[in-house]
Structures are given as C-alpha cells and as structure tokens.
Amino acid sequence: MVRIQKQDFSVTEEIERVKRASKSIGGVVAFLGTARDISKGEEIVKLDFEHYPGMAEKKLQEIRERALTNFNIIEMGIVHRIGKIDSGDNIVLIVTAAQHRNDAFMACEWAIAELKRIAPIWKKETTRKGEVWVEEHP
Amino acid sequence: MVKVKFFAMLKIKAGREEANLAAPGSISLEKFKDILKKDFPGIAEFIDRKSVMISVNQEFATKDTMIKDGDEVALLPPFSGG
Amino acid sequence: MVRIQKQDFSVTEEIERVKRASKSIGGVVAFLGTARDISKGEEIVKLDFEHYPGMAEKKLQEIRERALTNFNIIEMGIVHRIGKIDSGDNIVLIVTAAQHRNDAFMACEWAIAELKRIAPIWKKETTRKGEVWVEEHP
Amino acid sequence: MVKVKFFAMLKIKAGREEANLAAPGSISLEKFKDILKKDFPGIAEFIDRKSVMISVNQEFATKDTMIKDGDEVALLPPFSGG
C-alpha cells in the first residue's frame, strides 16, 4: 500500500487498490501533489526527486500504520515518484478510505503533512537560473 | 567501519555519495559528528545545522544515539518531498 | 465542470479535466463517495438515485461558483451519478485544485457538505427488507 | 396553470410525478400549500413538515415567495445525495 517509484501512477487504479480493502468504505479522499510551473516567481523547467532507499519506504509505511491506528479509517495508500518530473505531472498520491468522509479527510491531511515532515525525499528544481535543492520544510 | 551516506545538497557539497569511516568502538553522535567534520571540512557548517538530521540504521538519531561498527549513518538535509 | 449522469466516471479523467485549468496547480484533492454494503446494520442490495433535472445541475454549478469565490482554489469539478448503483460503486466525485493543498482540502470538504445540504438528489436503498427513501440530511 | 412536481418519497405518496393546478393570480406560498393539501390529502402531513422544502422555478422558496401562473413548483423531501 506504500510505494516509491520512478514511473507515473494511475489515480483510479490506486483508489481501486485501496477500495479492495473493504465493502464498508463509503468515503475516499485522495490528495494528489503535482508539479507546478512556477516557484517563487521562477519558471520551473523540471523537478528531480531523490530519496533514501529503504528509509523513505520505511517512513511511508510508518505513516500508514500510525494513520490506521490513530484515525477511524479502513485503508491508506501512498505512492511517491522519484527521478525527473515535468511541470504538470504527478508527484505524490495519498488515498484514505473510511466509512465516513470526515475521518478520511482528517487522515489524508495529516498524512501529507507528516510525509513532508519525516520522509527522506528531496526535490531539486531546475529553472532558467540553474538547479537548486529545495529547502522548504526545514 | 561505519558507512556514511550523503543525500541531495550534501551529496553535492561532500562530492560523494558514501564514505566508510573507522569508528573507535561505540561512540556518541556528538563525537561522530566531530569525526565527520574533520574528515569532510567542506560540509562542517551543515553538520552543525539544526535543520540537518542524522539517521542511524535508517532511524532518526537523537543525542543519546550511540554509533558502532557496522552502522549505517546518513546526513539528511531538510526534506522537500510531497 | 459539473455533471449529473447515469454512467460511471473515471477519477483519473475527472482530475485531468480539472488540472487542465492551470499549470499553477500544485495540490489536487478528490472526494469520492462510494456505495457501502451496509446501512444501519442492513445489507444493501442496491441504491437508486433520483434527481430534480435542471435544479440539481444548477445547485451543483452554484456550489462550484461559490467555492471559486470563497476559497483560494483554481478549479473545481463535480460529478454525481443517478440511477441504479451497486455496492462498492462510485456515487459522487468532487475534485478541487489549488496552488496549495490546504485550500484544496478546505474547499473539497465544504463542497461535499454543501452538496448534501442543497442538491435536490435522493437515495433509495434496497435491502432484503424492501426499499426505503433515505432521509439522512433533514 | 402551475406545474407541481413530486420527487422521491413524495412521488410515491402522491402517486404521481406531476400535476397542473390552477393558480388564482399571484398567491403566497402559504396559500399555495393550502391548495396543495386540499388537492393531495395523502401528502398533507408532509407538506407541513419543516424538512420538506419547496422550490419555485428551481429556487428554494421562502415564506415571501409568490406563486403565479406558469411557475414550476416542486415538493422536495429531505435530500440524500452525495
């Protein structure tokens, strides 16, 4: 239910994977992070994501397990892409499924904030001025 | 030997992805940082930054973490995933 | 950007439709409501949705316009199915897109609550005991 | 004539989807409800329920709404979409 991969993903397929967990699911919330074309006024040519293999997957798994413990949700899936990502493309997807929508919303919001906080993943932005490793979550 | 891994900006600054350092028995994180700073003067200022985290065997280290032979240590600049 | 239809929809396609609005989109939130198999302890055989043609579409359009005015979002799409819906199938999808994720989450949560409040759409549940028009949002 | 539409549970209770009622000029929502209750005694108790809303020309009516010839009125039981 937790993956880091180079290739793109299908939101529909990821939601189906999560929905297979139970027929009691009544609400699914998905957060999809996509590559914006502008950052701090600079046009972004491309993004490059690097991760700490092993530890990054472990931290995503930890986020899923803590979410299943702390929120009234049935299942959670996380996919994060690495490597080169063009403007407009998918970066990350978090899917939460619950009997009732409020629980799914809360868990999804928490999970993306936690991912940004603890997952060892780094973004390099390439603009016309050059490349820079982003430090937006110090 | 202790394997040290560098990521993102620190990989560029250190000019390498990995290094193997001899660790004298079991030492504290602070002592290990001192060794790192001596061996990699180019990133010494980053090692002291609060925003740079250190992991030992893929778990976040605290000031009580001890480092011993066979461990995998990583220098983690601020994350920017998601 | 707002539809009521009998046939199923693809979450991926609906998100792509919303994303086409701007390359500044950095966060997309989707709420997908699906047909649960159990309601108040009774196994649900099927659901049937009825709507007030004309007024229902108008109210969904109104929700989208108010969301675009009141939240810092770039686009919103809504699809609601009508007719017979089997257990596990999609019922409703609300997609919000923003530069920043918090705005997308807020607008999406507001929109589904508002849809339940003002959209003239009715659900009939068929269980082994018979059919009942649901009155969960009085 | 005023077209009256019935939905969901009220369609079953009224035994029909639509009806055409003669409206004497422009009348208040309250007066129109009285006509409805008389013409459809089977749903009289529902018409008085706070949870049953009434729309006029596809907008929610208030107690100030006036109903006139050519209008489309609908009886809306509690919604359950989403």
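To keep things simple, chains are lettered A, B, C and D as they appear, and every chain counts its residues starting from 1.
As a working rule, a contact is a pair of C-beta atoms (placed from the backbone, for glycine too) under 8 Å apart; a residue touches a chain by one contact, two chains touch by 3 or more.
Bear in mind the structure is a predicted one, so any value in this text is a computation, not a measurement.
Steps from subunit A to subunit D, taking the shortest chain of touch contacts, total 2.
Put simply, the C-alpha centre of subunit A and that of subunit C have 23 angstrom between them.
Work out the mean CA point of subunit B and of subunit D, and you get 73 Å between them. Between subunit A and subunit B, the centres computed from C-alpha atoms are 26 Å apart.
Counting partner chains per residue, subunit C shows two or more touched chains at residues 33, 112. For subunit D, no residue reaches two or more other chains under the stated contact definition.
The full set of touching chain pairs reads A-B, A-C, C-D.
Listing the residues of subunit C that touch subunit D in their complex gives 33, 49-52, 54-56, 58, 80, 91-92, 112, 115-124, 133-138. Per the touch definition, subunit B reaches subunit A in the complex via residues 5, 7-9, 12, 51, 55, 58, 60, 74, 76-82. Residues 10-12, 15, 19, 23-38, 87-88, 99, 101, 104-105, 108-109, 112 of subunit C are the ones touching subunit A in the complex.
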